[in-house]
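You will see subunit A twice below: alongside subunit B first, and alongside subunit C after that.
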Partner chain A sequence: MKLSSFILRRLILLVFVLFGVAVLVFLLTRAAPGIDPIFAYVTPNTPSSAYPVIREQHHLNDPLYVQIWYWFWDVLHGDLGYSPSAGMPVSMAAAIFFPATAELTIAATIISLSVAIPLGILSALKSNKWQDHATRLFVMTSSSMAVFWLGLMLQFVFFYLLRVNGLPSLPPAGRISPDVLVSQSITHYTGLNVLDSVLNGNLPYLVDSLSHLVLPATTLALVSMGLTARIMRSSMLEVLGQDYITMARGKGLPERVVIYKHAFKNAMLPTTTVVGLSFASLLSGAVLTEKIFAWNGMGSWAANAALANDTVGIIGFTLVTATIFVCVNLVVDIVYAILDPRISY
Partner chain B sequence: MEEYVLSVQDLKTKFFTRHGVVNALDGVNLTIRKGEIMGVVGETGCGKSVLALSIMGLVKYPGKVVEGSVVFRGRDLTKLDPDEMRKIRGSGIAMVFQDPLTFLNPVFTIGDQLSEVFLFHAEMDRKVVEYRIAKAKESLAESTNDGQRDQLIEEINTLERAKEAPAKASSKEARKAAWYFSTEMMRLLEISDPERVAKFYPHELSGGMRQRIMIAMALALEPDLLIADEATTALDVTTQAQILQLLKELRSRINSAILIITHDLGIVAQTCERVAVMYAGKIVEFTQTRELFSNPKHPYTQGLLSSVPRMSGPEADLEWIPGSVPDMINLPSGCTFHPRCPFAQKLCEQEAPEMLGETSHLVRCHLYGKLQAGRQAYEK
Partner chain C sequence: MSDTKVSRRKFIKYAAGGAIIVGVAGVGLYEAWQNGLLGATTKPVDTTPFVIDAWTSIRQVDPPSDNNNNAPIILNQTYEPLVWFDKDKFTLIPWLAESWKASSDSLTYTFTLRKGIKFHDGTDLNAQAVKSSLDRTVLINDPQSAVSYLNNSLKGANAYSTTKMTDADAQAYLSNNSVEVVDANTVAIHLAAVNPVFLDYLTVTDCFIVSPDWVQKNGGVTPGKPNTVMAQQAHKAGTGPFIFDSWDAQGQTAVLARNPNYWGSPYNTGPPTLGKVVIRELPDTNTRLLNIKSGASDLTYIPPDSIFQLVDKDTWLNQGQLKSIASGVQVNGTYPTLSVRYFALNQNVLDASGNPKPVQPFKNIKVRQAMAYAFDYAGYLKATYNNFALQPNGCVAKGEFGYDASIPAPVQNLDMAKQLLLSAGQDMGFSQSNPLNVTVWYFVGSANGKNATTILASAVNALNTGFVLTPNSMPAGAFFTANGNGQLEAWVLGWPGNFTDASEHVGPFGDFRRGAGTGIAIRAGYNNPNVISLIDQQAAETDSTKRANIISQIVKAINNDYAYIFLDQPSGYFTIKNNVQGWSVNIPTNIVWSNFTAGIVYLYPVGRK
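Our next item is the complex of A and B:
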């Protein structure tokens, strides 16, 4: 009951934050030099003779405070303009690219957490022993590696080397094999291939999309797990020194309960913040990883738009990304409030 | 022969720090009788808490018990393997710590933390049957319908028979029973409305309540020995008195021995039957509480007693012990108290005194041994 009113309050606040974001984005579209706002309302095929009419139609000759009103109206109706680099309206591009990125991000986060959290705990329990040094070395190495190099190396080993030796290999690029796409038809409920194939009960589609997910998700996970593991290690070490851990041992609890119940939940608090932040930044698209693995997601779209001078695309991307960040932060705050009863809401 | 619940022999605990070896406990001998309340007093840093942790086997790295024995129920605790030791903690020897806020886990409810003590020690299958009996008795007390009463009495009898060889209880039932016994324990500690309080988190309770919870946890399994390490220091005087009174009452009910570790001589006077005075990792005087207050022998004890402010008697300046607790890495030679002792002689710098006197009043001071003649002459 208390929690639901907290969520409601945060949702109301969310509206104001998004309003602020939208105002900033609008001002960017109007303030940046060389950007004609009309680009949002034309496609490459629109004859330039039609421009004055379009300008009039979209109130682009009116003062800014009138324009912002119409712009908001459009945004609320999902009309963020036309992105030439994507070859479609911004809203449609976001609806296509975001699920792809979300799928990659979720997979990467699952891999990263399931490796980083146990490693962080191990590292803390065996602090300054060889297990700790090995873990820290591994984590430091993987997260210091350049993502494009790591991605290419994974492709080289798990696609090229396996394939030339006649072994089963992992697909190096794309989200689905063309032959599967042709032979299997599924209904896309969410745009997340793995989830959709499960909902459709289509096994070949599931296996194929999972195999495409492995390499890019692993690349992202390897790079992002370093921070998580280190935060987990340090917060676990801090918690293990707390009085209530002595108390838990003093009560005669088995060591596994002391660590995986009493210490773990407390150590997860700072880790949650870090995981939330890295999740949000991954959701806004991992440009290099998506490029290397030809994964058509938010990152690829943003990179293409920037290269093609597609300001409308970039502004649309900015607005979508800001919204994602705000929403993920909200989720992190809620998780935090559930984990830590001391947070008053 | 006297029955001891705990016997500590020549216990030495050292901390191997970067700056050198800290001799936190330097050969401590201590025996606690069944059901007795014993006090250990001393200044901060004299090793009182390390003594408690050494008995519990909870000394943290870089500390280590290097010598001596802690005999409990005929077994030397310092030589037990970790799992055996774990079973003794909580059920055989329990501990109440100083600050109930930092010693309770902030993210779990009171009921959850109390239940654990039962869940990981008690025979839960049997406890579940006991829980069912208790519940059936409750409904019996409320019931007015004769047929229903007969049925309930029948049920209680069946359960009583089942108690000897209880069926395997599910973990859900075990948790429910543990929760029930936790609230019963809280009721024993005079916490009103325990069913509601059990759902609270530690930060939602007052200091006195939290301390009661900790004591409830410690006494839940009726341990033979309860160690209270500065258990009332963080509380105000009224709450302190209540808690001490409660401890005394529970002692006679559960018949646990209690080891009270404190720097407060007032608490010792109020509650303890025997008392050990600690200084720099050693026990320097060990006797009955009454004897200690009426006839303190060690110069350190005398100093401690005269530095307690008094409400009655002629107005006088408060006395104090000159100097401060010695550096535990570089302890003074001979008697560790000699730099602060008003009666110190050459011998005190050269030779460490042994425990002297009768078993009813032991003291570690040359004035009662090699320097006795000199002291008597001085007193005359």
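Our next item is the complex of A and C:
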């Protein structure tokens, strides 16, 4: 099968996956015992006399299959519904919150891979030596730390302590500084501040955006890099024990070539799976990190929707997340083929 | 003749001097003109952004869809109502209106508008703009907003709110002409019934006046649908001291710019001195704390559980004084908020089918009375709020019209509680050997609810009377559903007022006829016809002295029925930099459903020392 056919098949499957996910989530949100979906649409100010109209407007009096039908009919017409907890339509919420999460995820993944992969390789090459132990200690410690505590500590040290001592500090939260916000203006093409500031050629905005990424991205990276480093180490150890590596060494190839040309690519296969899943997971939002660093993204939206019993928002978020997972898995499969020519589709 | 001649040297000297004077004056006048200060006091513009770290989520920024909750921190600075509160006092004064007059039957209010006021988009404030604004709020009828106040007032609005809100329904409402343009500067508002608090309704953010031209160009008005363009974009559509310059919906950050042409408010204090204001959402308390302590923000709110990083704990708890321990930062307060937290004791607990349960633990007034005597009010206020709260003396919040300070607040008396429970046990058949187990509820995440239920249960269970309370929680969605269906035996919640009138509390707590949405009485199975009659009387009473007297009677009657234990009225305060001056708190717009805070800061005429 050609790669293009494979991609097409997976994209067709995506429609069925989304359909299944939507039905499941819809039923779960409606079937949850004791939860009246009308509370997503009202406040304590809303008089009871308005309840019947609101129920009718949102088809809450109809049987579940009718409610699902109305929902699908709207989706087919491009209307994913209105998320009361976000105060906007679901499509708008996804368009607003996803770029923020994507930017943070990309930055965190870059930091994580830049540290975890070399550490994993080093750990494998120096197996059971002090470098291996030190690496293990570092990644296990960083992975074991509670994300909220780590975030607070990074804020305290790299923002507060530096600032009160008159030293240059990193911003503690948000995506842009107030002074940059009032003095610089850019056109937002993608919603990714770093990319948008590059596209606008605005250096102050770029520098400020990058500085805001440092602490939240580092927090996420530190917590997630442990698994990657450990998988990389074990894969590398496994690959280094293979016959073809022995043969490569026997041929007299330099160790650098043996490791980076022959062993590294094969060791990356399982690591790619883990990185892909971790990337997709981060793309669906990191609630605590987003809250601490005031980085309103998918996680914050989902948490607010769940707390407000906003079923429309929950379903919308779930669909976006399901799409992300399917697409990231697709990319991972394609990367497999690039890494290992034996794999074909 | 020669004496009158001016030498060339003198001429040059005078000419140069004159040119300098004219030049300096010209520059000054030009700057004044640029800043819109001609005719007003000239103040230097502070170009450093004034940063507010907002503590709550601002989900949208269109006045008609606002629930008077979080967006007022932006809307208060950018929009204005017809009437508003006199700074920190609770009296209403004309704002965009120059004056108002009620008809003899109190069914029509006629407002004369101030002349010469312009919206930020350059269009004129006139009667048509007022009509468009109020009608827009009714037509959108966002159930997430506080529109029910207008619906309860304007002729035809309530009927419209129960329709499907089609275009025909909208036309039917508009045909009432409940907001009538009398002439360019006069607007008459026709009410469905006499309403002594109608003017208070107009202070709610839903009633802020918005430029109709701007709305028309940005999403227009669709009956029954929020305007998502206005809701998620900045709009230059108000008349306030600041212009809503930009809105980042993702970061929930607003940038406000000084309105150089501001009309000056009723106090005629000219345009604001702050050049830019940045209001950004920072939900994490610790981050806000680090920001204010390090000088990265100018104003924020730190809740009571973290406030002792800024003020001395002993001085506050022992002397009630806020002594700052953080350099350059002061905590300013305290102010009474309009929220009252309560413990409802349900006299008619229903089962899943809506039928009364066979055992009604709080039907007996002795039990309810015992609960009120058993509760440790002082311990609760200290444990929950670090004393940043008052103990209410009834359902009406201190600061609201009708609050009667002479009504005594309940005090803990465990002996009385025990006697009452032992007596009730004989009536109801419970005893130590045959205990009656009752669950008291709060929703997951409610620290106040957890504290209150635990404190009451500890006290009651220690009496060993056989009446046993068990605190329990459930997720918010399930909690509110069960609560709305009258299924909870007892629960803890808060009820905030949207403006400073007792009707905000006596209705929900006393009027059994209200539905479960806005009525607490029906959920608590509390039905006292005398109280209901008094509520109707106060709602139709236009004499304020008589009305205050009726409200006092209502509060006493509800207290005597022991339907609720009133737990706290949180005190508000703000954390601000020492160099900030001239700010005030708009107490009436203090409504925060999720976490009770101090009010919304009104940033005019704030400046830095």
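Assume the second predicted complex is superposed on the first by the 296 of 345 C-alpha atoms of A that agree within 3 Å, B and C clash if a C-alpha of one lies under 4 Å from a C-alpha of the other, contacts with A are read in each partner's own complex, and residues count from 1 in each chain.
Operating definition for what follows: a contact is a pair of C-beta atoms (placed from the backbone, for glycine too) under 8 Å apart; a residue touches a chain by one contact, two chains touch by 3 or more.
Predicted model only: the values in this text are computed from it and were never measured.
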Which of subunit B and subunit C A:247 touches, first, second, both or neither: first
Partner chain in contact with A:255 - subunit B first, subunit C second, else both or neither: first
Subunit B versus subunit C, judged by how many residues of subunit A each one touches: C
Partner chain in contact with A:265 - subunit B first, subunit C second, else both or neither: first
Partner chain in contact with A:99 - subunit B first, subunit C second, else both or neither: second
First, second, both or neither for A:279, with subunit B first and subunit C second: neither
Which of subunit B and subunit C A:159 touches, first, second, both or neither: second
Residues of subunit A that touch subunit B when the two form their complex: 242-244, 246-255, 257, 261-262, 265-266, 339-342
Subunit C to subunit A touching residues, read off their complex: 49, 51, 57, 59-60, 65, 67, 143-149, 151-152, 158, 161-165, 224, 226, 228, 231-232, 246, 249-253, 255, 276, 278, 280-284, 286-287, 290-291, 293-296, 445, 474, 476-478, 480-482, 484, 495, 498, 514-519, 593
Contacting residues of subunit B [partner subunit A, same complex]: 56, 58, 60, 82-83, 86-91, 94-95, 97, 99, 102-108, 116-117, 120-121, 201, 203, 214, 217
Sites on subunit A touched by subunit C in the complex: 32-36, 39, 41-54, 56-57, 82, 84-89, 92, 96-97, 99-100, 152, 155-156, 159-160, 163-164, 172-176, 178-179, 181-182, 191, 291-294, 296-297, 304, 307-309
